[in-house]
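Pasting a structure here, questions to come.
Going in written order, the chains are labelled A, B and C, and every chain counts its residues from 1.
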Amino acid sequence: MKSLVSINDIDKTTILKICQRALEIKTHGFSKTLPDKIIATLFFEPSTRTKLSFQSAILRSGAQILNFEADNSSLKKGETLEDTIRMTSAYADLIVIRHPEAGSALRAQQVSSCPIINAGDGTNEHPTQTLLDLVTILEHHGSLDGFTITLGGDLKYSRTIPSLLHALANFDVKIILASPQLLSLPDHLKANFQDKIILQTHSLKEGLKSDYFYMTRVQKERITGTTDITFEEDWILNKNLCEQYANQNTKILHPLPRVNEITTDIDDSPYQLYFTQAENGVYTRIALLEYILGVY
Amino acid sequence: MKSLVSINDIDKTTILKICQRALEIKTHGFSKTLPDKIIATLFFEPSTRTKLSFQSAILRSGAQILNFEADNSSLKKGETLEDTIRMTSAYADLIVIRHPEAGSALRAQQVSSCPIINAGDGTNEHPTQTLLDLVTILEHHGSLDGFTITLGGDLKYSRTIPSLLHALANFDVKIILASPQLLSLPDHLKANFQDKIILQTHSLKEGLKSDYFYMTRVQKERITGTTDITFEEDWILNKNLCEQYANQNTKILHPLPRVNEITTDIDDSPYQLYFTQAENGVYTRIALLEYILGVY
Amino acid sequence: MKSLVSINDIDKTTILKICQRALEIKTHGFSKTLPDKIIATLFFEPSTRTKLSFQSAILRSGAQILNFEADNSSLKKGETLEDTIRMTSAYADLIVIRHPEAGSALRAQQVSSCPIINAGDGTNEHPTQTLLDLVTILEHHGSLDGFTITLGGDLKYSRTIPSLLHALANFDVKIILASPQLLSLPDHLKANFQDKIILQTHSLKEGLKSDYFYMTRVQKERITGTTDITFEEDWILNKNLCEQYANQNTKILHPLPRVNEITTDIDDSPYQLYFTQAENGVYTRIALLEYILGVY
């Protein structure tokens, strides 16, 4: 039984297969490859994009949604995650789970009688975000080798960053780390990807010299004890900065939602690739559901 | 690409076409005219009737629901309405939106890549309520011309009233305004419909002399600074008042929910038409979805 | 028009028919016996298991879910349950309702234009839980006659207990009551089932000498004014207690969710039957939906 708890659960060949299938669906249109399947979406945390794109993917592939509202649930009565998963896996053919605790998706997999897809577990991983990031680069660049990508913004608290790094390790790429000093990539992660990292900077401007600039939302609520009050202004990306400092063909990616770290004047500029990225979420998640449920 | 943001987006011919289609569905039964369509219901405000009747309409026509829970969403992370709509319109074929701010549906339409239906934007408009009001009158009266209608209750804060007035302007009807003084129709609206308004009164009893008495919920929470404490009692409609003051064939309409402004002794009386009105919500919304998505 | 408000709404023959149909579905697999049906799930109280297993049952039988979120609803505007039900019954073919007030399901049935299934009304009844309890015993024991069952735990506040007692009254069974003194079965219920009750004890250990031990969650939040602080420890069931005091073939049932009243070391032991019971919820609810909607 296949699951996707960590991006490391799938190898390079499988990553490529899923990405190519996603682009095939985008080109040829939807088809009902998963009739009669019931797919549970268990979200123990707020989510718009991930949840809606999974649910759209479920419906587009002919399956049905079994939705769980964490706020209206037996959690209030004190039930363990394990009991909730045991039960839900008896009612569905696959579970998509988001949960605030790191490691929760793995705990779910250990007791589930159906496959699990991790839609974000605390600050740990967000492997389906990574797959759609790769689909977007594959679509744009034509390959997952031979490009430079800057990981920018909040590299300390983001859960998309670890998953993306693990996936990129499979490919021939160069990585730039660009973040405010307080939000640098943790050392244990940096050590693992030392051979790919060609530059570490605290300057947004310097980070822009790259094929892809992957911006992440600065998670202000998690930063305490800092006196660096100029921090925010320096890390807002606008069209003017792109025009002055980016390469001519630099594309801006962002897992979204954004707050104010990318100004809206980039939306209609040639630098923007983040809306395409969001759109690719549906194709990617269909391709993943099909893979997990054995369509290919 | 068609949308329905304001009732003024559709002309008299289109209004009649949608109303007639609704009654045709009521007579001939449901059919799967919208297979494979995904329709997003984005409700940023509490709703029972409008949401459930839209969702029932979606399912009855063979389409699927992509539901968005505003309380469990990225709104908490600070995303703009525009970004939320851009994303959702990539995941669905049509968006039904309710939002507390006047003008929000128009903002949604300006960035959406799929059609928008306004299911209520603040105190501005509620065009689908108006359509089902008209369907109910058409069914009962046989025409949308040649009747007198009293708009009663809270004419100041209700959003159904402006939409209904705009629609009625297309037809040969007489309008009576009946409201507590503090809740009179705003002057700018009154000016626009001067030629149809045959009477303005602050007496509920006087307003009952009409073919249709359209009662609206008094939105107590929005009224401040008044000392008129007898206000409520005078504006509760009961069967006894109907029998004393209404015409023999007067029918009571109400967008519902009601609190206490219509007593339940009217429910089983010949005056009641509000439950039929609520039931017509499904037929009307199917007819509208079909129109927007190009079935006719 | 059939409904299931109380377990007493169906006689012994019907109970057996529904239970047998549930096991038939479990053996032969799902089939789309309810295409084009819309089934509303109205949950005015938190629920995971009951709600998800109903929704899974709805989808497995080819019907569609019309879901109502009580927290985001017109309840805030003051609408009565009766008005909400009148409306919902115009939008759906069947309503499944859970509500915190005893008697609410009956009130719903009195105004509904479609069938009602009671999914729990306060401390009053929970008839579908009872049906799945019986399905589980029928599957395991081969009959609903000729066994001893202990009702254990909170017999005072549980709503599953009254429904189960009423159903068991139809069959040739022996009942043991085992509860902390403060949580004894109310006298009026005890009087009704006097001929079946062979023992009443306040000892968990004594209660374990039975074919089935039906444990219920101790609803701490409802117990006030007690000084019996050792109460909890005495009523936690673990594997060691089973091995010392239970019969060799005793099976533990529980409506779930559990908090800590059954320790997890029983989960993989031969005593455990509660996960099977939870799984049977889907088959049972499909069989019930089919019965109510006239498939058999």
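The working rule: contacts are C-beta pairs under 8 Å (C-beta built on N, C-alpha and C of every residue); 3 or more make two chains touch, one makes a residue touch a chain.
Nothing here was measured: the structure is a model prediction, and the numbers come from that model.
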item: Rotation, 0 to 180 degrees and nearest 5, that superposes chain A on copy chain B via CA atoms; value: 120
item: Equivalent interface positions on chain B and chain C, same or different at half; value: different
item: Averaged-CA centre spacing for the pair chain C and chain B, given as whole angstrom; value: 40
item: Shared-contact residues (touching 2 or more other chains) in chain B; value: 67, 69, 71
item: In the complex, chain A residues that touch chain C; value: 36, 38, 40, 64, 66-69, 71-79, 82-84, 86-88, 90-92
item: Chain B contact footprint on chain A (complex, rising order); value: 30, 43, 46-49, 52-53, 55-56, 59-60, 67, 69-71, 217, 256-260, 264, 275, 278-279, 281-282
